[in-house]
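Chain naming follows the written order as A, B, C and D, and within any one chain the residues start at number 1.
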């Protein structure tokens, strides 16, 4: 039996890498290329990329139809993402596509759309140490990790993180400067799974980190759908005989 | 000590009552007046109404600022609700205001905005019997109710109801025609609470029912906020000395 | 690559089948044999059985160590299950083993132990129709099923079901006599998954039903652990330098 | 209208205070007296205490019947708590009594009974700083608190905390030595509410802290039941006419 590969689309705003020299040094081809490369090394995944400045942000109906899991990194240009494309991505997630939102993507239109909240948080950029504790070792996204892993330099995100209570918090971060954060959060919306992963500031080589790459691969496998479906709102015939007389019509419902 | 009253705004689309004679007979002044009257009989509530065709749909900044709990009934004109007003209501819910969505409000813009899903379901209009089982007798919304209550004639809504898994399902419905439904669902979004209550088809006298009125009053008390707050995204000083040298600046963070 | 099979142990009280002729006619070799046969037909499962009257109820340390998923049916002799065996099963679940509790197993020691509640419910034996609605079509346990499935004759179980709010309710039942029930409930405890499946009264051929067998196979796959672990309570060295002076010792903690 | 006071019973193992001079200096009359004093200062609470070495551990049927919320601190003598008393407390929680488990009470029989898990964690005693972040500012248990509060010296508890995923995590701790912890966790079991609050090592004056006392008072109000009930398992008459012929009896069920 040939196992079908998980079709991943790595989406990146891809602006910082063009406008900030410090970012270009870390991600010369854009962070989407670093992530693509890491995931494409997994035998069960086939990976493409898409970026903001492509037509339809690279997320045509066809691309989304061929995407099982979409990863999303954005920051300085959230407002430039067209609402029609956000509608399209939301629809696809509700039908089953997995969505993995990365770092500053917490303020993306699509993340806020899926969750219904502001998704705000505290933040600080001083390159401090972050330690991510694995609080759900048996969760698929934690497979192969130890009790914790560290990133020597990261932007800090601190609570309160304004999101609906996650179904599972897989990682919780300790920051050198004194804050904590729910850094790996799982939700389901419609038939799709949503994962938020906190690390990934553009000036640090976070997505080059082997453990972070393991988390991303695990998250793709967790979010990959076994089921796709739509959400109709059908007028339905009764399955049982209805004896009540409808006062609106003076007739009893009938089993059909 | 004078206990402050809960300030309730009962919102109604108020179109069916004007255009359908059968609905006008059940709710001559609009169903918002029936609900207002029921809630205003509670000693701890002060109630006003708002409707679609008023300026700003009756939901000005001032009205929302003075509203602790908003109830919402809409059906034939969901699309006419302005997005700017939906934004305003969402913002207020995230700051703490309670939101009670009734029956066909499942397809309202505000409900779908808060939940991020389609909120679709199955339906049938033959005036069949609905029995609502109280599956969380200790929940505030179930206080004073028995093991179940019945509505002799209602529209049927059947599962799958496309919503995020509720924090609590207080009521589950049995329908004469053979379906079931999660008829009383609780969520939290930001600092606000959201309750969905299924019954309330416009051609049946559901909101005249004493038990339904008890549920509405209970739900208002449950959803009334003890806390209001905003969701800023502040740049934050560290609380601890940071020893890591930021590679982006070549400097250590400092405790301030 | 050889995929390891899921090792299933089907546990049955196996008393009704010996003492009640009506039950023996439905399950001549015991219902564990019917379930074993159904699961053993799955290419990815290897199945054994265990029953109450075997030494250690058939659940020796060795058997449990070689079990990935345990299914449990009991009714008239819950009290005869030794507490030491319940301790052993609980420990194994917390380490990762899946547990599938069937029908009258709701009152078993192991189910109440895992959940901490009474697990009580309403019931009635008149052979009425049960219709199970699939309210989470994308859940692994619902794979391959339609919108609902029916059992022509079953014992009724009705709400309130006294269990902690499930993480997911996959099935909700409609009963001919007017009740509803959360008939497929998921929880996690420690590193193990727990599923409760309502149908399976001993006088009806429920476990011969092809759809029910599909649910059982799906549930085994869902509950099969990818991870086993223990839960130590270790005294831990600090990962950071501690500057606070411990008033109890007059010394600062040290990083080691 | 006279508002009835919340009846609180503060339970303490009361052994460390007798056997360890360092503990006696912090809590000369036992930590239960410190907690009792703090709660009794609240106008809406009446408070008594109970300790391990009293007959029936001070938790007679009468005492429990008159208790709306029970707080629990134990450590060195968990094993001496009689199982019959644990049964009694569990039964009362399931009927509605609130249970607040403190610090080393994580390993008490009653906490493990209610949750079904080991409740293990990492720990370290070097008197380090703990900072508790309020991650649910709108939760009743967080009322009146700021964004965080600090304890200058505490025992460290670190994740993984082996408990079922809480309904809400109100507080998350940052520890000087590098760990994090879910320090304020809410669950419901039966009709009762359970809260776990992490701080409270016996050698530090944690329960003398004004903010901690505020948390305890808030938690008592949150856990106080509005509803008491039992959990019967009744044989139930049908509410609808049953047309199915029971193959076990050859008769149709009847509506009664």
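Quick note on the criterion: contacts are C-beta pairs under 8 Å (C-beta built on N, C-alpha and C of every residue); 3 or more make two chains touch, one makes a residue touch a chain.
The model shown is predicted, which means the values in this text are computed figures rather than measured ones.
Enquirer: Measuring centre to centre with C-alpha atoms, which chain is farthest from chain D?
Expert: A
Enquirer: Looking at chain A with chain B, do both copies bring the same residues to the contact (over half shared) or different ones?
Expert: Mostly the same residues.
Enquirer: With chain centres defined as C-alpha means, what is the inter-centre distance between chain A and chain D in Å?
Expert: Whole-Å distance between the two chain centres: 36.
Enquirer: Give, as an integer number of Å, the spacing between the C-alpha centres of chain D and chain C.
Expert: 28
Enquirer: Counting in whole Å, what is the centre-to-centre distance of chain A and chain C, each centre being its mean C-alpha position?
Expert: 31
Enquirer: Send over the residues of chain B in touch with two or more other chains.
Expert: Counting only residues that touch two or more other chains, chain B contributes 131, 137, 158, 160, 165, 167, 176, 178-179, 188, 239-240.
Enquirer: Can you tell me which positions in chain B touch chain C when the two form their complex?
Expert: On the chain B side, the touching residues are 131, 133-137, 147, 158-161, 165, 167-169, 172-175, 178-180, 182.
Enquirer: Considering the complex alone, what residue numbers of chain C touch chain A?
Expert: Residue positions touching the partner: 96, 131, 137-138, 140, 143, 167, 176, 188, 191, 225-227, 229, 239-240.
Enquirer: Which of the residues in chain D come into contact with chain C in the complex?
Expert: Residue list for chain D touching chain C: 22, 90, 94, 107, 113-118, 120-129, 152-153, 156, 158, 160, 162, 164-165, 167, 176-179, 187-190, 203-204, 231-240, 242-249, 252-253, 255.
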